[in-house]
Amino acid sequence: MHTQQIEAYLFFKGEPVTIKEISHDLKITKEEVVDALQELERAHSETKRGIVLVQYDDVITLGTHPDTSDLITTLTKEELQRDLGKSALETLTIILYQGPITRSKIDHIRGVNSQFILRNLLMRGLISRVSDPSDDRSFVYTPSLDLLTHLGVSKIEDLPDFENVGTTLKRFIEGE
Amino acid sequence: MQTNTYIVKTEHFEGPLDVLLSLIEKRKLLINQVSLSMVTEEFMRFIEELQDPIFIKEKTSFVAIASILLLIKARSLLPTLTVTEEETEDIESLEKRLKALEFVRGISKKIEAQYGKKIIYNQGNFKKDICIFAPSKDISIANIQEAVLRVLHKLPKPDPKMPEAKIRTVVSIEEMMNTLTTRIQRAINGTFSQFAKSTAAGADPKEAKQHVVVSFLALLELVKQNMIFVSQEQMFDEIDIKSVTNNEQ
Amino acid sequence: MHTQQIEAYLFFKGEPVTIKEISHDLKITKEEVVDALQELERAHSETKRGIVLVQYDDVITLGTHPDTSDLITTLTKEELQRDLGKSALETLTIILYQGPITRSKIDHIRGVNSQFILRNLLMRGLISRVSDPSDDRSFVYTPSLDLLTHLGVSKIEDLPDFENVGTTLKRFIEGE
């Protein structure tokens, strides 16, 4: 059966997809998709799951179980209010002084993997992610306008010691 | 990109144990003192060719291993050579470390075979629906300024210190050779100046000592294999070297 | 039971979380978290699920089932760097079977300074560096959840011959 594949697929996608897309990506017929989705829904309801299938018309996604909505609402609020912490501030700083910048360069400067921090900064609207003009398979990160406004700098060069810090980081990246 | 230079540095140059293990594996030998003494000359040659300035620092750890190897070889050829307790420990520890590394290599092949074959993927995209501007209290120019300092402070220094794992470091090949020569001479109660002179002829005086010891060890190897006959009339006399010809056997 | 809440929580987070964080956010004890995680793991393995629980030490996340790897690989944009190289593999092996482990022990086994390779592995997110519990001026290295997921194991004990290899290595390191 295709239920396992579909559940993994929806989980990996993390955003609503249509039956047509699933059918295309899994290379199975739409009928098979519909059957598997019904099967998956049954499985979810039989066991006391935290994850459920959310369907509207032919658009499908995975979501948290309605019984957990109180928890999730609280978490969402807390998450958005929580302090960034040192590592996230450092990452944000690098993007401020060196953006647009790729993740691998950020990782290189910090010496650690920044995957989840970037996700968090994106979710909070502090940075934005666009296709890398020099390589469209990857992305570059830039500070959001909201962030600059929030910091009270009208242009990026107004950040403290912008020139020097920028030069030092650039030199490091280029390996001098 | 810069990251690649790190990979090159570490990939192409993996230290004395790596070199030693490769030499033993190349000959399909087991790790023990016999095989270690067999690859000693090749290892010494490797050090001599180790000229790249980037690796000068690494050279110390090579010399440390070389001195243990020469000791093993000298002792196998000269049972009268006295070895301190600490040296015995070094020898045993080297053997053990090589076996450990060999073991790790074996397992790492399995890890390699499994890597990237059946991947468990993370949840894909970030949840776009909650992407709203939500700055935290700790986002301020002052904190950004502090973060800048931390970032710059944590940038890796281009010239890291070399910590030397447990084996005592030897200052240089020359020093090591000097000590060993004295000890070997004491052990055989004799000299081999002529032989040494002839082999060291034309060599850089700095390297002469090294040639003497290595050549002498090679000489002793030949004695052991009955390839040559060595005699010495009296203490401190010249060592007389004759080759053993076939019809004499 | 708290399995439903925890599954929803992990799904909502979408990144590795610690038992301590779960305990804090869900307002339940650590023991309750551990019990619920075991229950969740059992539930995942009993039904043919597309999602698995990945754990190392006290860090947990959800991921796609390794059996769906081929499908998801065709969808992912980020190419996995497969070339690990000899020294990376050696270092990872030592950390996998002996982590948490200090750098000096890794150096001792490899007979070479591992600083660069460790930094490289940190940058790639394959290992993590944490304060040494026995000496907080120094650090120890552990496998990251990403490393486990790239190897397709949901917990460290699923590595080939985990027990035996670990014991043998330990004996080598401690010199009997």
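A, B and C label the chains in the order they appear, each numbered from 1.
The criterion applied here is as follows: a residue touches a chain if its C-beta (ideal position, glycine included) is under 8 Å from a C-beta of that chain, and two chains touch if they have at least 3 such contacts.
Source: prediction; values computed, not measured.
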item: Most distant chain from chain B, judged by the mean position of its C-alpha atoms; value: A
item: Closest chain to global C-alpha mean, per-chain Cα centroids; value: C
item: Distance between chain centroids, defined by C-alpha means - chain A, chain B (Å); value: 47
item: Separation of mean Cα positions, chain C and chain A [Å, integer]; value: 21
item: Centre-to-centre distance between chain C and chain B (centres being mean Cα positions), rounded to whole Å; value: 33
item: Residue numbers of chain C (touch at least two other chains); value: 11, 14-15, 62, 64-65, 67, 72, 76, 119, 123, 146
item: Numbers and ranges of chain B residues touching at least 2 other chains; value: 3, 121, 123, 126-127, 156
item: Contact footprint of chain A on chain C as seen in their complex; value: 1, 3-12, 14-16, 25-26, 43, 47-51, 62, 64-65, 67-68, 71-72, 74-79, 119, 122-125, 128-129, 144, 146
item: Of chain B, residues touching chain C in the complex; value: 3, 6-7, 9-11, 13-18, 58, 61, 65, 93, 96-97, 99-101, 103-105, 107-112, 114-123, 126-127, 156, 160, 162-163, 165-166
item: Of all residues in chain C, those that touch chain B in their complex; value: 11, 14-15, 52, 54, 61-67, 69, 72-73, 76, 80, 82, 84-90, 92-94, 96-97, 104, 107-117, 119-120, 123, 146, 148-152, 154, 159-161, 165, 168-169, 172-173, 175
item: Chain A partner contacts - residues on chain B that touch it in the complex; value: 1-3, 5, 121, 123-128, 130-141, 143-148, 150-152, 154-156
